Structure formats: structure tokens, C-alpha cells
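First up is the structure itself, then whatever we jot down about it.
To keep things simple, chains are lettered A, B, C and D as they appear, and every chain counts its residues starting from 1.
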Amino acid sequence: MNNLSFPAGRALDFIALGRACVDLNANEIHRPMEDTVTFTKYVGGSPANIAIGMARLGMCTGFVGRVSDDQMGRFIVRYFERNGIDTSGMITDRPGSVTGLAFTEIKSKDDCSILMYRDHAADLNLEPRDVEESYIANAKALLISGTALAKSPSREAVFVALQYARKHGTVVLFDLDYRPYTWASSEETAVYYNLAAAQCDVIIGTREEFDQMESFERHTVKDDGYTAGKWFDHHARIVVIKHGKDGSFAFTKEGERIEGTTFPANVVKTFGAGDSYAAGFIHGLIQGWDIARSMEYGAAGASIVISNHSCSDAMPTLAQVEDYIALCRSGRFVSQS
Amino acid sequence: MNNLSFPAGRALDFIALGRACVDLNANEIHRPMEDTVTFTKYVGGSPANIAIGMARLGMCTGFVGRVSDDQMGRFIVRYFERNGIDTSGMITDRPGSVTGLAFTEIKSKDDCSILMYRDHAADLNLEPRDVEESYIANAKALLISGTALAKSPSREAVFVALQYARKHGTVVLFDLDYRPYTWASSEETAVYYNLAAAQCDVIIGTREEFDQMESFERHTVKDDGYTAGKWFDHHARIVVIKHGKDGSFAFTKEGERIEGTTFPANVVKTFGAGDSYAAGFIHGLIQGWDIARSMEYGAAGASIVISNHSCSDAMPTLAQVEDYIALCRSGRFVSQS
Amino acid sequence: MNNLSFPAGRALDFIALGRACVDLNANEIHRPMEDTVTFTKYVGGSPANIAIGMARLGMCTGFVGRVSDDQMGRFIVRYFERNGIDTSGMITDRPGSVTGLAFTEIKSKDDCSILMYRDHAADLNLEPRDVEESYIANAKALLISGTALAKSPSREAVFVALQYARKHGTVVLFDLDYRPYTWASSEETAVYYNLAAAQCDVIIGTREEFDQMESFERHTVKDDGYTAGKWFDHHARIVVIKHGKDGSFAFTKEGERIEGTTFPANVVKTFGAGDSYAAGFIHGLIQGWDIARSMEYGAAGASIVISNHSCSDAMPTLAQVEDYIALCRSGRFVSQS
Amino acid sequence: MNNLSFPAGRALDFIALGRACVDLNANEIHRPMEDTVTFTKYVGGSPANIAIGMARLGMCTGFVGRVSDDQMGRFIVRYFERNGIDTSGMITDRPGSVTGLAFTEIKSKDDCSILMYRDHAADLNLEPRDVEESYIANAKALLISGTALAKSPSREAVFVALQYARKHGTVVLFDLDYRPYTWASSEETAVYYNLAAAQCDVIIGTREEFDQMESFERHTVKDDGYTAGKWFDHHARIVVIKHGKDGSFAFTKEGERIEGTTFPANVVKTFGAGDSYAAGFIHGLIQGWDIARSMEYGAAGASIVISNHSCSDAMPTLAQVEDYIALCRSGRFVSQS
């Protein structure tokens, strides 16, 4: 049991809103991208990855977003459909936009970077009118991604979705997902993150992302309890602050502080850990599990994804997560490092 | 007495934030602008006009805004200073921007229009960092103007100012002041007007402006009570809805509905009525007068301004307002129409 | 007689192409614009002024350009029509653009400056398709203004007009008219000025403007003869280089160097001198006068305009020019300085 | 022997100017891109391909262009260096731009398409100051590509390079290379193609590209002789008009019309044929071969490239071209279709 109450009798368990892009992962790993030759194409983008993760975990999942009117956009929609995601809330953008690209470079398991193509990305063309009130009203939960706040009209579409969600009691989860390259300034980021966070039930981010939101507060002590506490004066009931290898902490409006567990992994790359974590965690919350168990499933999912070459394609099923937890618990996990 | 509590012991009574521009009013009235030959230059822009009105009424008044680095920008700052307005919160914009212009055309007292020059207007370059927390914290009241929400970074500067005002108990008044030409879409307008209004203590606008804010609500009955009531769930305590010649109505969180009075006028043009109304009304509220009396002073101020050629330059002193009310009450007002 | 051969049997003597704007001249002169109060509205813009000057001198004159779809644009077209200029080649721009404005500040006769409003100016929206081949083919001469090269699509419209003019033997005159504020870089200016000048029969500019065109030539000696000589390898037959108070010099393909005369003036402001000079000079060339006499009429026209408050409205008739020359020659000119 | 005279004693035989990009060729061919999974990365872009082709044929080759400050940009420069191309004229662009991408889709040998990423492409940021006069002065030949004319400041850089080339007698070859997606309008294209072509010694394009240049000429008969003839009034000495499978025709200022030969190929895709043709043809011209033989080597090179998966990487050496010609002439060529 947790402190959220998801509305019953809704057609969809979960909707993600925002960007769905393409990852081009270098097949030749452990070298700079100047020296890589071939790339494999995957669906990518944080909300897309989380939606895929949720569908794999058995949730009735939908997606709201714009995709480009080309082969890349159609590839994304088809991949979603093959994974059982409802795409009736997706719009094909007018010609002229492209699908965002992320070329990943894996120099070592600790030195990964991304080369982004985000100019004229179709996902940021999402318009307020694209968001159907009835679609939001028919889901138990809505996930918004901070990147969707980076530009108009996608920014306004997020605020309209938030308004519909609050009106209809759809639980709103905010994955901060801060990507500096699409923002005009860090002040702009802080303004819109704060406006959005004030309307969300669950806020999930790294310590650095929360710092970013507090850039107008001078002399901030960067205290997790303080950071989380502010949002409980608004609509938040759970705030999760992630500290990378130092673990993650969930705070509740009721005053609890829950430390998350971690699982070992044979790390290929670090990308995708957060998305897989979010899927596992949110799945647990919707199932009505307590927060600690939800965090555990999130952490196991993260370990699975970082042990694989892709993000989206490696999202685990519920059985895979439970097997992984069992394996780790059994002491039979073999580290390859 | 009214239902607002203005903090005591503040250096400034009132700050307006937003655009300060130049009006170029045709001297030859009652003809189309194609046939006008000479123009007189005045300071203009709704928040600038209100600030001037407040200073004339004896309030300690400040202004937050950017002006262009040229003769027009310096003209505005000098005019403010001559009117006793504190300009320490004003910033000279970097080169490349201009002062917004409004050429007024007065074909008849009922047929007035404006030709705007608003590209690269300095006022919309106001940045979040331009808004000093201590400046907002040292004022009893802050007026924001809807036009300042029309573009980044001015839009974000407004939200930062709202955050500071709420933090420090500065009473926030929102003059909707909707000007379609600076907005990308009516949906964008609705989104930001709603986000801002949720943080304001007093909201003042025309029925059409409130309709604009409700554009995402289908089947709206356009009922003033409904419209006002929504905002009392947030921070609002007073909502004023203006119906042009059919008068204005103030609604309070406590459930009152107060109809405003009107005064006769020998109308030259209709511009500036709303700004003069706002100054007279807000002055009354800060003085602690009841709402009805505050509305009366606002209405008298409006009648004075529309009887003159300019907006800003015609803003009345307290004595002029009271004389006008007395004149009208005495039955000695002479209509020239 | 001069070295140009204007085609006979054409409906129009002269077409100017480019910007037609509005000047707002401060009525209170000899003070900074911060302290001016009223402005008088005139048609302005170099090619517009020259067209008005040509019409006043009795030439059958047309104009190719876009004007804004508002009162300012209609004012320009009506003024042209009242001056007998053919406006069939003028296009009303789509909504969204404005008429360029020039606020003039006359601190003293030697210290004049201009505050420009040129964002989204309608004249720079002139498109290649706006230029009718038959219209160019029916004129003896075409004047292009350098400012029209500052931005697309006006830039391309100029090159299309040049192509039509060369194809049909219409004599092309290039008034350099360099205004830095509309150009992205001085290198961009040099590139397009050089491309255009290579196709012109007559090139008129100040020494500084020709320097600007030579910015890719290092170690240039800034020698008028060298500068003029380059263009005779292309299509030029006359190059006029103006040195302000030090007079102007015309160079011909045949190797002549003709020094212009000057006339006294009771100077109000310096604006408009070049445009009036161009009108007087080009009128003479089309009449078949020799270059020296054409320059004399240009110089007298310039002196008349700088003695008046406006540019366009002060453009003299042929009788006025001849009276002015006679007055100066008679020794009865009275200097008021 | 041909009708061009290449200057002797120059450090470089050939410079190409313009875009150097990345091709991502689907490894799974004969299917739509929605269904392709992996891509191989190659250097691409017409002038880059031609430069690589020239270097393979043994020419001392240089390149003038901007590349992005990232892994893609460094990949291009390193590939050039490995192929012996002088990169001293290449500039690393400031951060914020990207390398243009071309995802190729090969549905069948006759149905190939490209998905382009060209927003903020570094190559179009080439500035006039990037073009060193001495670098152009030290080459026998300069190739410009029409795509470099598509946007400022690259457009102006081309005109500056043309000016330097004409000044120093560097032979200029113009590969029309028209790509509609980077141009604002077809009229803009026609204007700048015509301005550039007037300054070139050799013009190479498809019939459709020449039609594009003639869009201002109504009732054009689309006659190759007429099209080529126009340019001989300017600086052109050779004009090559390509008709796809119907062969190509070279026209000379001296009045010759030379029909090109073609060679069989086991076609994988059609991309790169034109670039390989250009390299083979221009190599012959610089060697002083007659036009017919130069065209033959171009045609053989084209057949070699379209039989391979890549464009740049498949550019043949002189020995490979001569072997291919010999193979075809011998009758031993085996068609696999």
C-alpha cells in the first residue's frame, strides 16, 4: 500500500507524454565515435522508454506525442504498436520536422556520451489541441517529462495536460529529465519546472535536477528533506531524489524517508537506467505496492537495462525483473568485471 | 475596509511591471490616419500608464521594466522621474531593441484604432534576473500586466516576480491587458494567463479577456459568478469583470458582488480608460477603502482620461478625481455631445 | 550630350525600386529627441524620395516596391499618386509587416541623426515575382537602391530586375545608399554590392560607400580613379563618387573626370541631400544633357532640400531648380548663418 | 587537349568548396527504412565525394569548408587526411551546429531515397573570411557546389571564392547539385545559380537543374544548345548537361557538342553516380585530355560507384577506372540482373 489513490475503472493504466525519438547506438563499443563504423537503430527518448517499460511490465499503456512524417516517425509508431502501446493519442507532425536523434558513444562503462540532433524535432511541436481531455480522463496515471517543457508549443501542451489530469483525478508523475541543450537558459528551466512540479503528485529526479529547479533560491543548503518538503505544500505526495551510485531516497507527504536498494550489474553503458527505474517504480505504485517494494523493482529494472546494448529494447518484463531479483538474492549473480 | 491586507512598513506602495512604450497620438482627430499629418509623443503602455496614474494619486510608485537604449527609452525614464516614479528597477536594454510604438487613430469617439510597432520591443526583453527579490519585497503591491506574458524572457520574469511576491506577502494585482498581436496563439495565451492568475490576489479584466482565458473549457456559460469563483480556489480575493458601457462588477472571495458606478464624460477617445480605472481602483484598495468607493474613484479617473487627448499625461491627481466626482454629483456637468 | 543611350519610345522615363517609408521629423529642432514633442509625417526612403524628385522635375515616373497593408502604406501610395507617380508596380504586402519609420533628430545643422524602425519592414518583402519584366522593359531607366539588397527576398528581386533591365536595354542606375543597420555583416554587403554594381550603367555613392565595397581588397589606396575604373570593365559608363563638403566627381568609361559644382544653402538639416542630388543628376542624363550640367542641377536640388524641413516634400520642380541656380549666380543669395 | 587552360606551377591541382557531411547507409537493402536496423557511416556530400574521388585519382586535392565541433566533424577531417586531402582550408565551426546527415533508403536499385538532417548544418556556416585568397590562388581548379549557395553566410563565401578564382586565373567548375530542401524558394535558387554560373568556366548539371535556373524565362524550349549557349556569353567554355539514362552531352564555347559514353553496371543504388562522374571528368580536363576521353573516365567512375554500397568509400583509383573500362571493352563484364 502507498499514499496515492489511483482512480479505478479507467481504460488505460498509464500514459506518457513527450518525446519519442531514435537512438543510434554504436555497435563498436569502447572507442570514440570518430572510430565507430556501424550503428543500430532503437526507439529512444525518456518518456518513450518508460512507456515501453510499462507495457513490458503488463500495464495498459498509451502515449501522447508528435512524430515526424517520415520513415523514422513511422518506425517509432510501429515499434510502439508491436509492444502493445495504444497510439491513438499520437499525431504525425506536418512536414518539415524530424525525429530527434541520439548517437551514443560508449568509450567505457563509465564514459558514455550522446551526440544529439534536436533541431526541429517533431516531439516539441506537440500542441495544446493535440491533448485530448477524454484521453487523459481515461487513464489512472500520466507521466510528463521535463524535456517536453523546453519549447513552445510542447510546453503549453504539458500545462494543458496537467490541467486535465488535475481536473479528472489522474495521478501525475513528473520525471524531471533535464537536458540542457534544448533550453534557452537555466532560469527558463527553473521557472517552468517549478510551475509544473506544483501540479504533480509524484516528482522523480536526480539531486542535480532538483538543484537546477532551486536556482532562484540563494544560499540553498541542497538538503533533500528541504527540497522534497516544499512540494508537499502543493500537490505532491511522493518525491524521489536520486544520488547516482549513492542510491535514491523517496520522501512522502506523511514524513517518511525511504532509502532505495540497488542491485549489481555487468554494466555495458549507463544510458537508460533512469527510465527503467521509473517504469519499475511507477508500475509498483499503480499496483498499490508500498514504496520500498516499488523502488526495489525499479532498481532491478535499471540494472537489467544497463547490462544491455539498448535502452528501449532491453526493458524487462515482470518475470525478468523478478528473476533478476531472485538471482541477485540467491548470491548466484556473477560479476564480469 | 476591504478584504486585502497590504503589508505595512514598505518603502513603496506600488510597483508596476511590464511595458513602457510611446504613444504617438494624431493631433488631427476625427479622420483616418492616412490623412493625419502631425503626432504628439506621450509615454504609453498599460502598466506605465497605471504607474503614472498611481504616482499622480500620491502613491510611492516604482516600475520594473526594460527600455530601449535610445532617445525613446530615455524619454520614458525621464518622464517617469519627473512624475516621481522610482526608476531604480528599470533596465536599459542592450542595443538592437526599440521602444514599442502605438500610433493612435481617432476617427470618432466610437471608432478608435491603434497601429502598433512591437517587433523587438525592449519591454519583452525583461529577464528573470532583472527582477530583484528585495525590490518586490519592499512594496505593498505589485501589478503585472498580461502583455508581459506574451513572450520569453519577459514571460519568465513575470513568473519570477509572482514567486517573490507570494513569498513576501506583496499583494499581486493582475491587469489582464490582452493584446492579440504579440501572442503566438490563443491557446498559448490561455495557458499562461491561467498559470499567472492562479497566483494573484486581485484579477481585473474585461469579459472578453476572461473568455479568452476559458478557451479550453468547452460549453462555458460565460457567467461572471462562475468565472470569478474559480479563482477563489486559488489565491484570489477580488475579481473585477468589466462589461464596457454596461458597467463593471467586482466579486469577492467572501461572496459579494459589487456593481460599479459610472460617470459622464465628453469623450475624445476611448484609449486609457482601463488604465485610469485601474489606478483609481487600486489606489483605493491600498488606502483600505471599501471596494465600492475604490471602484467609484476608478470610474471617475476613467472619465477624466477619455475626455483628454493623451492617456498618460491626462492621469488625474486625487484632487482632480474628487473634483470630478463632486462636479458630476452636483448636476453641473455639461455634456458637449 | 552624355555617354549613355536611353532607349526611345518607352512609356516611363524612370522607375525606382526599393523602399518607400515614413519619416517622422521632429517639429522642435535643435534639441535632442528626448525633448521633442511633436512630429510631422512625410514619405521617406531614398528611392521614394528620388522618385518624387523625378516626378517633380517632370519625368514620367514609376515605382516598384511593397508597402504595408495599413494606414502608413496607404499614405505612401496616395502621396505617390498625388505626385503623379505610376503605382501600378506597387504591391500591398500581406499583414504582419510594417512601414519602416525614420524619426529624425536635428540637434544642429551639423548634428543630425535618425532613429530607425526597420524590423519586418514591408519594403524588404519585395519578391522576385513582384517585378514585372514588361514594366522594366517599358522604362528608359531603372534606379536600384543598395538598401533593397540588404535582405531576402528583396535582394533577389533586385537581381531579377537587373536581369530584365540588361535584357531590354533599360539603363540601370545604382544609388549605393548603404545603411548598416539592415545588414548582417559588412562582408555580406560587399559581396552583393559588387555583384549588383557589375551589372549597372551608372553607379553613384559616397567615398565611404565605395570603401565598403572594397573591403575584400586589402591595401587599397582608396583612389577614386582606381575605384571607378574597375567598373568600366563591366557595364558601367559613369561612376560618381561623392566626398561630402569636398564635392563630387564623375568618372566616365571614356576617361573623363568631371568635378561637380556646389551651391550655397541655409542648411536646416543634411538629410535628403543625396536623394535630391540623384534626382537632379539623373533627370539631366535622361534629358541627354552633358554630365557637368546634370551634376549642377543635382547640386542645386540638394541645396534646396537641405534648406527645408522635409526631404520628399521639399523636392523641387525644374523651375525651382533653375530659379535657385539663377539666384546663386546673381550673387543675391543671402546666407542666414 | 581541351579548351581550358589550367595555370601551371600551383601547389594544388584541385580544391572543392562546400559541404562535407555524413551518409548513414542502411545495411539491410531492398526494404523501406522503417524496417532497416543497422547503418554504416561514411563521409558524404557532393563536394566531399568529388574531392575524395579526385584524391583517389591522384590529384593534389584540398577542401574549403566548415565541419561541426564534434565526433562527426572530426571523423570527416580524419577521413580526408587518410585519403591525402589537404585540410588546411577547413574550419571547425563554433559549437551549436551539427554535421549534416543523409540516411539512405535503398528499396530497389531504381527506388532510392534520402532522409536528410540539414538544420544548423556546419557546412552552411562557412563565412567569407574563411576563404583564403592565397589558397584559391594556389590551385589549378576550384569546384563549387550549388548547395553551398543555399544559405548565408555560405552563399557569400562562394561568391568571394569565385572572385578570388577569377582574379587569379583558377579554373572554376560549377557542379549544380540542386537540393530543394535547403532553399527558401525556387526563385531564390534561380537568382543565385545564375549569378554564380556567369562566373564559371565549366558548368555541370542535369537537364532538370538547368531548367530550375531558367525558371524566370517563360516559354523556354528546354533546348540543350540554347541553355549551354547562354553561358558562353559569360565566362563558360564547357557546359555539360546530363539526361540520366539518356546520356550526357558536353557543349563547348567553340560550338562542339560531344555525346558521352556509358558503361554497364550491377547497380546497387544510384547515389553517388554524379559525384564520381564529376571526379573522373574533371581529372581528365586537368590532365589536358580531350573532352570525350574525360567524359569516358567520368562515366566509368560512375558505374563503379553505383555498383557499391557507399559513395565516398567506393571512389575508384585511376587503375580501377582503367581496369573497368578495359573489362567492359573486353566484353567480359557480367551483368547480375
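Basically, contacts are C-beta pairs under 8 Å (C-beta built on N, C-alpha and C of every residue); 3 or more make two chains touch, one makes a residue touch a chain.
Quick caveat: nothing in here was measured; it's all calculated off a predicted structure.
Visitor: With chain centres set to the mean of the C-alpha atoms, which chain is at the far end from subunit C?
Guide: A
Visitor: Could you put a whole-Å number on the gap between the CA centroids of subunit C and subunit D?
Guide: Spacing between the chain centres: roughly 42 Å.
Visitor: Between subunit A and subunit C, what's the gap in Å when you average each chain's C-alpha atoms?
Guide: Each chain's C-alpha centroid was found; their separation is 61 Å.
Visitor: Give me the residues of subunit A that touch two or more other chains.
Guide: In subunit A, no residue touches two or more other chains.
Visitor: What topology does the chain touch graph have (line, ring, star, complete, other)?
Guide: ring
Visitor: Can you list the subunit C residues touching subunit D in their complex?
Guide: Spelled out, the residues of subunit C in touch with subunit D are 127-129, 152-153, 156, 159-160, 163, 184-185, 187-188, 191-192, 194-195, 216.
Visitor: Tell me, which parts of subunit C touch subunit B in their complex?
Guide: Its residues touching subunit B are 24, 27, 32-34, 36-41, 70-72, 74-75, 78, 98, 101, 103, 105, 115, 117, 119-120.
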